[in-house]
């Protein structure tokens, strides 16, 4: 098992003909993801050619793509100016999961898009996220496939490459993953830590969870309380940004310490108070997981 | 029993200090309606003095009125320019029924207000309606109290004075009413025939139902089908506007025959095809009800 | 309130919709001058609040300015469905490759604005919706989000296969929605939306109805009212705050409440007569309104008898009675007046009427029967 | 992007919020001239993107134009939290009866804009929200409906008892929301919103942060950027499409990905060093970006060593390696460079680096430890 995506995932790629969209579609097909359709308005009728003779029909709209291919998940690689509209279109099309990779989507556009998705019971992952991968089953987004392996660890993170670092180290000692989820670095994201913790908690194959947070907001604090109250599996944590100065945005739109809220210290404290051991270095995550699973 | 309002109705009057609001508040208090509060922004702290020493405190907002008096129903007498906002405020305040008397509320404002009320599970009656009365229990709106009496007939109508005419004739032969509801003459109304039929059908004291329609739209046709499929009580009908020319608005904003839709003939046919006898004259309603109850 | 084609086109242009140019002429000379200015073929179109202008001969193609003049001369002053043509629109003729229908109106059932589009344009959409519903794509606009880009695309995608046309039409549909909302409309329609052989999408006809309740806050739309095209009695009624619709019969009707007013008209017919009008004096019972109502009813030369049917609720019967007495003092009313008053302050009203020499009836049936009888006399 | 008080006030004024007049001076002479023009008491306010201006002596009341000149002379050029004051706002002093706080910001938890108001103005609202939460009224704006009139009233009603003040404040709150949305803001604040003894509500301070993602479609807002108030290296980084924040340490860091960049900084500290900067070269691996990154890092005289920590995913390691080699050709880099590259095209990258004489590390810990050691050398 896995969370959010698995071998039943039938993916449509929005923005499939763009530079990023086509590159990653190829990668996803190579990994074995069932990419059943692409959407680029005005390019309906064309075909995306992938590796090993794989291909996907291109449609003008999500509506047509879903109707004709039975897609249940979409991933969005369209530019920021059009990304929120692409999310609305996806949420209206019948898919149940929308993974928004695009960085730089206006936050107030996302407020509206999240409301729209909530109204329809559609899950959004992101925006500004690397997507997710369920090793051996399906990969949706941009996570590098070569660093993952199947196994018992669930990984959830606000970061991209930092996640790769952690996953790479887990894999290198033989600790595989059920699913690795990058929830994204924006202030308004569709799927948060708690959503992932809940799913990992219910997932029969997940035995331990790695939660990687960073400065900004209080999602980690709330997630820590959730862990204590609801999660019956070991959780280990890491927080990036102990040395980040207050009031400065650290790359991610959401990574900023505002006033006293959102410091790494506060988050680490919340983790520890709620029984989540915190790694001092990314390299220490492996040891903590090994202890937890011992 | 009765529908929508009864002796537990605790009413707040929005626009209580206006000409219409104050007049009808007095009338409602006289009838015995529990008017527990009034709202007029900027007049909070004043008191509305009614008949027989009755009075109601005035608040600046619905929020305060509901919090301090436990009101569960509101009635709106504010001018058209502010009516939609008053409905939004009421729907947000905790009351479960909002009766909008005001005529001339912009239709697109109402589209938004209806969506807002739906989101919150709040019932709107109207706008542009005379309100409703449950004889012997409560009166909310502008229906004249002297023409009603308690009894077994439920009355639902798109009209005001035509309803009075029908109710007057029922009362004059001793046929009292459980509740008389004027659903209003606007194109977008919150509570339609079907909502009332459903409630009357479930109401233990209602033995027969009078449904008074008019030209415009297809609400009556849908209600007729609903009657055949779901209503286990006799229903008799009347339709006004057999002589109305197509394409002309007959007083009510919603009373217009557009193209082939919404003619009286079509509605009468739908009534008859679904087992609802139709009175040729208002005066014939009484006879049909007497037959139905015989 | 209906506005004319040329006014709807102004609204559409302001929203960015591609609409061919056009100017209004009230004389044949003006029409010729406009046609000369454009050069080439023009269309001369009657501006009246009525459908079926084409069938009635109110829309004509002209190859030359002289021909445009001739058409304008014939169309101006023409009667179309009882309305006199006062203005014509002169507009360059367009080459048409395809015609589609695009419209948006307030939909009762969904409690929101709803689009209808069809690749078969220039048609009666309502007829198509019955005869061939598959030829129409419908979309209800969620008022919480407005028309979303993918929804406009979905509608446009039903009309065309060509990506360029779909893109243009998506934009037109979004602009039509904006114009609909900005105008406080209850209906806005492009019929037909054409494509030209060179691949342009254009709106060559335009129709819009405004929600009367919006006019108070949209003076620029309210100023589009063309009272010249309606009977003066209806203008007067509106100014007096009355709802009045002129009909063809001879029994004048003055009633409080729209439903009761229609039921009264129906009862006139039931008793073998024909109503001269719909008239709702509304809830308030200002005697001046009653005077205005009687002035309007009596200005119709067909009226042979006048009936009042008042069910007093908010309306006070004594106010109405005073209005009737006041009116008979101010104006010379020829047709006989019969009155039914019941409800609030009924006794007081009967007193006033009795004093002024009117007799009053107690039932609606009685007063209607009497009025019909008097009209036949 | 933060904008200055005077710029936020322009936005607020455009939305109709009552804001006292004010003009910008960059010299003491200008400040005096503006003060003379207004007459009476004025306030001279440092315009820098920093809180705590008052405490730092950046806000001064002046009774005369001469005094305004003196204050401006002192404030201009002053350092406040590391930022040099380049401009002062000169604005007439207002009589203050009460001070309140009104702000709106994007709230993560509710996924929407959220208002906070407090009758205690001129305070640190965040502190109040912890110390005395009952002193704050909060309201989340449903993005599907926007701020509704009764909600603005509800907020205003928390601030004042007087109906006239509530009415004015309701309007200000609605206008603040409009300005927030129209500006593409992530935060907008009036602190304090004052009442005058004569019963007027006015915004005498203004703060606004713009969502960087909105700037592409709001050129009028984007043009408000004041690069003069930030280190030139940060301007250069933005122009090159890099995320860069200057810090006080001596280990230059060049990383792909914000989370990994922060984790690398933290690891520098873990090994006893101090990071000189946050720098995320982003997902794309254009060699020009790497060159720009090295130019920026080396422009900081504190930098004693430079480390690269690249986890190749989308980023191709060979591109980064090429960038490093290219940069060392174009610019004279004094501090030693240590490199850790792993992931996509790692082998190719190591080849390139080896040829150019760089040695590469395989683990993040190793490279960081080495860089710290080199910086201390």
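Every chain is named by a letter (A, B, C and D) in the order it is written, and numbering of its residues begins at 1.
Just so we're on the same page, contacts are C-beta pairs under 8 Å (C-beta built on N, C-alpha and C of every residue); 3 or more make two chains touch, one makes a residue touch a chain.
Bear in mind the structure is a predicted one, so any value in this text is a computation, not a measurement.
Any chain touching subunit B that also touches subunit D appears here: C.
Set against one another, B-C and A-C show the most C-beta pairs in contact at B-C. Between the Cα centres of subunit A and subunit C there is a gap of 56 Å. With centres defined as mean CA coordinates, subunit C is found 28 Å away from subunit B. In whole angstrom, the spacing between the mean C-alpha positions of subunit A and subunit B is 51. Of all residues in subunit A, those that touch two or more other chains are 112. The set of subunit C residues touching two or more other chains comprises 144-145. Chain contacts in this assembly follow no simple pattern; the graph is neither a line, a ring, a star nor complete. Chain pairs that touch one another, listed by label: A-C, A-D, B-C, B-D, C-D.
Those residues of subunit C whose C-beta lies close enough to touch subunit B in the complex are 106, 108-109, 111-113, 124, 126-127, 130, 142-144, 181, 184, 186, 211-214, 216-217, 243, 245, 247, 255-263, 265-270, 275, 278, 280, 283, 311-315, 342-344, 363-365.
Residue ranges on subunit B touching subunit D, taken from their complex, read 41-44, 60-64, 85, 88-89, 92, 112, 116. For subunit B in complex with subunit C, the residues that touch the partner chain are 20, 23, 80-81, 104-108, 110-112, 114-115, 130, 142-144, 146-147, 157-165, 168, 185, 187-188, 212, 214-215, 217-219, 222, 238, 240-245, 248-255, 258-261, 264, 280-283. Across the complex, subunit C meets subunit D through its residues 144-145. Interface of subunit C with subunit A (complex): residues 145, 148-151, 153-154, 157, 163, 166-167.
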